[in-house]
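In what follows, a structure is listed as structure tokens, so that the remarks can point back to it.
For clarity, chains are labelled A, B, C, D and E in written order, and residue numbers in each chain start from 1.
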């Protein structure tokens, strides 16, 4: 494991950045620019825009995002656990590591069950 | 060879200070929470730095626990902001002065 | 030497973006700079040899927590009027930097010159910073922290469920919170 | 003079490094995306019993090239209501994670390139010991492009589309993550190379079939492909988050989507289908292929597998109808995640009690 | 070791099941519903009983099961441990066994009550505390259980707390028990001072090893008196008996379980458990004997004149407990323990029978409004008959055997005052029980409601308890009459008898048979007189000024009121008016005014702006930092 390995990552990052910026720049260079209001208004299938532009959306999206980050962290905690699992197993601590992980999983499953029962996972607005 | 621990600590504290500074001067609650994340990130830097100094994974483990707390904090904090917004149609924190309402 | 200079560059970038986070007026800008800040921080962690932590920094902070912020910004869809005016610099920030300076002095004073020596290098076969090493530590010495993290997450789930969830009314319009259009 | 320079080990190393990057980047952006667009339209024609593009070049092969030029030359349209900086940022942000994600994907066993290199080296751009988590981290960033695109467009179709797309992506990212935990349990490593090599005896698809069942829909949803292409559901949302995008900016979203498809296909093959191994239970060594000389055979086989998987993507797209949004969410949260959790339970229990007995 | 650990699990299960049950019913009782709670509560107790029985039948005694170190006390420490020896096992068998039956009964009795879950929660908590009390290996553990049962008793007496009388009865029980607890605590301190340990086996070993200085003996004597005070409080002996009759305000199953079968016998248990300590001070034992005898006699005289069916039984309980203390005081702990067990059966039976009657008559407790229930409640009637005969001492029912053993010991002690008291009490017991029996079941019905038989959950328990009351005598059937004295042998390792009947076997048999005949004749005489006296009872008790002290319970409550309560009130008033009014309020008002004035200024800091608070935190942090810095150099 050497720092030089990150060189590849950096090169790809730069390549991606170049590709993106280059394409946008090229389009700006080559593309025609003939604007008029009807063309540049917000797309609404041809009819004039109706209702507020800054509309507020269902809070359910927020609930999904929150559930995601909380369970995502759970997954991240499970990664070291899953990786260490074999090692503990070979040292004869299989039951220990199993219990540790399962208790953790059980707690989080409780959270999932709570959300499920409370109806946070239903999408019926 | 890696950078001296003093650099890491100074950086850590500087980031924390930027966060704290933002926390103190910002008016809207979203920015406030963002600055809170910055503060936590600053603290995390110190953990990782010490972990490296002693070549002991303990600090990294603490980093894990801190991000757990950070995630929970932002989840709850944002939920509070959403509720506050529903109530006041605003995210400005100086409107949250009254105990009732 | 390369490492040190990389470190300095990264640190400078981290500081720069942190400052932008703190002082840019709009939340979405702050959020974007914060994401960038997390990237540089991750780079810093790589330089410190904590590879797993670096990746987690991106995965959790940039990939999860900040997504939540962006989501809320999207949901509220605030216009500048609602955001309110933002003071960019304030007398209290002066207090802050005095504090910062004093801390630097404190470090030098308390810890002495040995803190200014570069940290010892890692041995070539050192497992420091890998997932395996962290797993070993997390699942033995810090196993209660591990379980506790689960409980904290559960509490957060319940908390959010209590705070944000409203039982859907049978015949509500599709979107909540319609706002009066400013005339 | 030139020969000594060419045989300088440092030069060979750097050349090898550059070659890997060029190969993968070129393949992903220069081959996969255009060819896939062509394949998609041809297969659509095949399935729907019509022609598809067949005028530009032989079998219409150059159609994608023509499209690309057209996109570049199109008017650089900027609607008035947008939030300018973020509007430009979003398509660029969609390309960057797509480009970074395949940094850790190995595409063959360590090799000396038929004796060219002094020691066997990995066919992998960056040899990170946290490879798998890195891929997860980078792919979690692609949400930003979509979220920002919608928000910057400031159009209600776009915002709703981007909200939907992000919610869908993150939900299924979770399912994918949990499925990957089972893969880690099975292979005992987070290094993608080691995961691939752990399958020489038996592909993970057999012990990890449940994980695969979770992972497959998850990657379809993460790449916003049918049957999970709700965010672009043209019937409801015009085209979702890129309603306001046109020209090459739209093209960049498109490009990123196809590159992401290739990346997740590669991941799926590495996780469950033995990477570059020949067949389940039948490695290249077993059938007597001299990998020192024919080092490129596993690599080509690996790319063939990816191609097959990409074809599967296209096939599914033109076969299955789209889910309703509530169905989509309930599949993610109420089916895949419980299955993934159950799978972890089963796998670990099996491992523990197999060891005990 | 392996054996030990699995017994440890079982012991823990036996104790924890009721506790878990209690928590469950308390928190979720309403949600679970009546059916679930009743099945759960009964099955938890039955399981607990099964665990105790398993240990009873398999373990080699004495068995000490250590859980963890509890209280480190200087050089020594108290472990949280259970001690299974014959004494504690026998009592815990009774507690869980009778407890299970009473739980079953209560599911019927409490049917439809709003506090159903709460009731069973308390009841389970009681069983848990009682098991802690019996099984605990140390005095603090015992005290924990002791207070626990007191708490449950309080909660259950005032279970229907909306009624003022019930609430005050609960308070009375609690406060009177405090006096006893004071004695217990005092004893505990004295014991710790002398022995430096609180673990019961350790104390008793030191006691048996001997060698005390005179100074030590003073403290142990004090400890013994303290223990007696505690036991008197818990077991309702003179002078602390006043709470028990009032405790009948609780639901009848509670009276049966707590105030007849188990909790009130805790005092007897305590005296038996600490017997070696008492053996150092025979004079204290004498005090116990007299206390018991007088209580027995005294309570019996009151019982005769009570009209409330539960009050009669309450005084009867006090009287029978007096018998047990008499036996303990005379140095016949086996007899006391035997009577404790048989009493648990027949008194539980009587209470539950009374409860069945009360239930059948829609909460009518006055015997003057009963009568003629023989035909209306046949099962209850027959079971009650067995109970009455048992307590009256009619051979060969259990009460006869155990009471005869006590009388035998009293006789052997040659203290004629005690003999007279004991025999008179036996006669009076038979009389008032006969009175109760006849007033309730014979003659014609004088009530208002239509009587009906109780549901099977209640009657089946009655039947089981009736069988137990009838047959429990064989547990300790004397050698002389061809028995094996199983209980005596079982307990012989932990307690010792002081009275040895050193006569030749033939003579012994003759005298014991004489005694038996006499005591059964006494019992039968009591029953007969009662029969003739109350055969044609019309609802009017004849009254005479001579009886008034008995009817009014010797004015003891009034006496206590005049001596203790009034003075306490005066003292309280003094505290309230003078100490509180002038001194404390002055200080408080002054400081409040100061605080108010200060806060007027400080309030300005509380702006409601979170960020300002954060700034203050920050400034505080800087000051700390500065302090750390300057402190360093």
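Basically, a contact is a pair of C-beta atoms (placed from the backbone, for glycine too) under 8 Å apart; a residue touches a chain by one contact, two chains touch by 3 or more.
For clarity, every value in this text was computed on a predicted model and none was experimentally measured.
Student: Could you run down the chains that neighbour chain B and chain C together?
Tutor: A, E
Student: Treat each pair of touching chains as one step and give the shortest count from chain C to chain E.
Tutor: Tracing touching chains, the least step count from chain C to chain E comes to 1.
Student: Where are there more C-beta contacts: A-D or A-B?
Tutor: A-D
Student: Could you work out which chain's C-alpha centre is the most distant one from the centre of chain E?
Tutor: That would be chain D.
Student: When the C-alpha atoms of chain A and chain C are each averaged to a single point, how far apart are the two points in Å?
Tutor: About 16 Å, centre to centre.
Student: Report the inter-centroid distance (CA atoms only) between chain B and chain E in whole Å.
Tutor: That gives a centre separation of 59 Å.
Student: As a quick test, compute the distance in whole Å between the mean CA positions of chain B and chain D.
Tutor: Taking the average C-alpha coordinate of chain B and of chain D, the gap between them is 34 Å.
Student: Between chain D and chain E, what's the gap in Å when you average each chain's C-alpha atoms?
Tutor: About 75 Å separates the centre of chain D from that of chain E.
Student: Using the touch definition from the top, which residues of chain E touch two or more other chains?
Tutor: 615, 618 - these are the residues of chain E that touch more than one other chain.
Student: Please set out, as single numbers or ranges, the residues of chain A touching at least two other chains.
Tutor: Where chain A meets two or more other chains at a single residue, that happens at 1, 6, 51, 54-55, 57, 59, 61-62, 65-73, 76-77, 79, 83, 115, 124.
Student: Can you pull out the residues of chain C that are in contact with at least two other chains?
Tutor: Counting only residues that touch two or more other chains, chain C contributes 3, 47, 51-52, 56, 59-60, 63-65, 67-68, 71-78, 92, 96, 99, 103, 129-131, 134, 136, 138, 149, 153, 156, 160, 164, 177, 179.
Student: Please list each pair of chains that are touching.
Tutor: Result of the pairwise touch check is A-B, A-C, A-D, B-C, B-E, C-D, C-E.
Student: Looking at the complex, which residues from chain B come into contact with chain A?
Tutor: Residues in contact with chain A: 64, 67-68, 71-72, 74-75, 78-79, 82.
Student: Any idea which chain B residues touch chain E in the complex?
Tutor: So the residues of chain B touching chain E come out as 20, 23-26, 32, 93-94, 96-99.
Student: Considering the complex alone, what residue numbers of chain E touch chain B?
Tutor: That would be residues 607-611, 614-615, 618 of chain E.
Student: Quick one: which bits of chain D touch chain A in the complex? Just the residue numbers, please.
Tutor: 17, 20-21, 25, 29, 71-81, 88, 91-100, 102-103, 125-129, 133, 153-157, 159-160, 163-164, 166-167, 170-171, 173-174, 177-178, 181-182, 184-185, 188-190, 238, 243-244, 247-249, 251-252, 325-326, 329-330, 333-334, 337-338, 341, 344-345, 348-349, 351-352, 355-356
Student: Which residues, counting only chain C, touch chain D once they are in their complex?
Tutor: 28, 32, 35, 51-52, 55-56, 58-59, 62-64, 67, 70-71, 73-75, 77, 130-131
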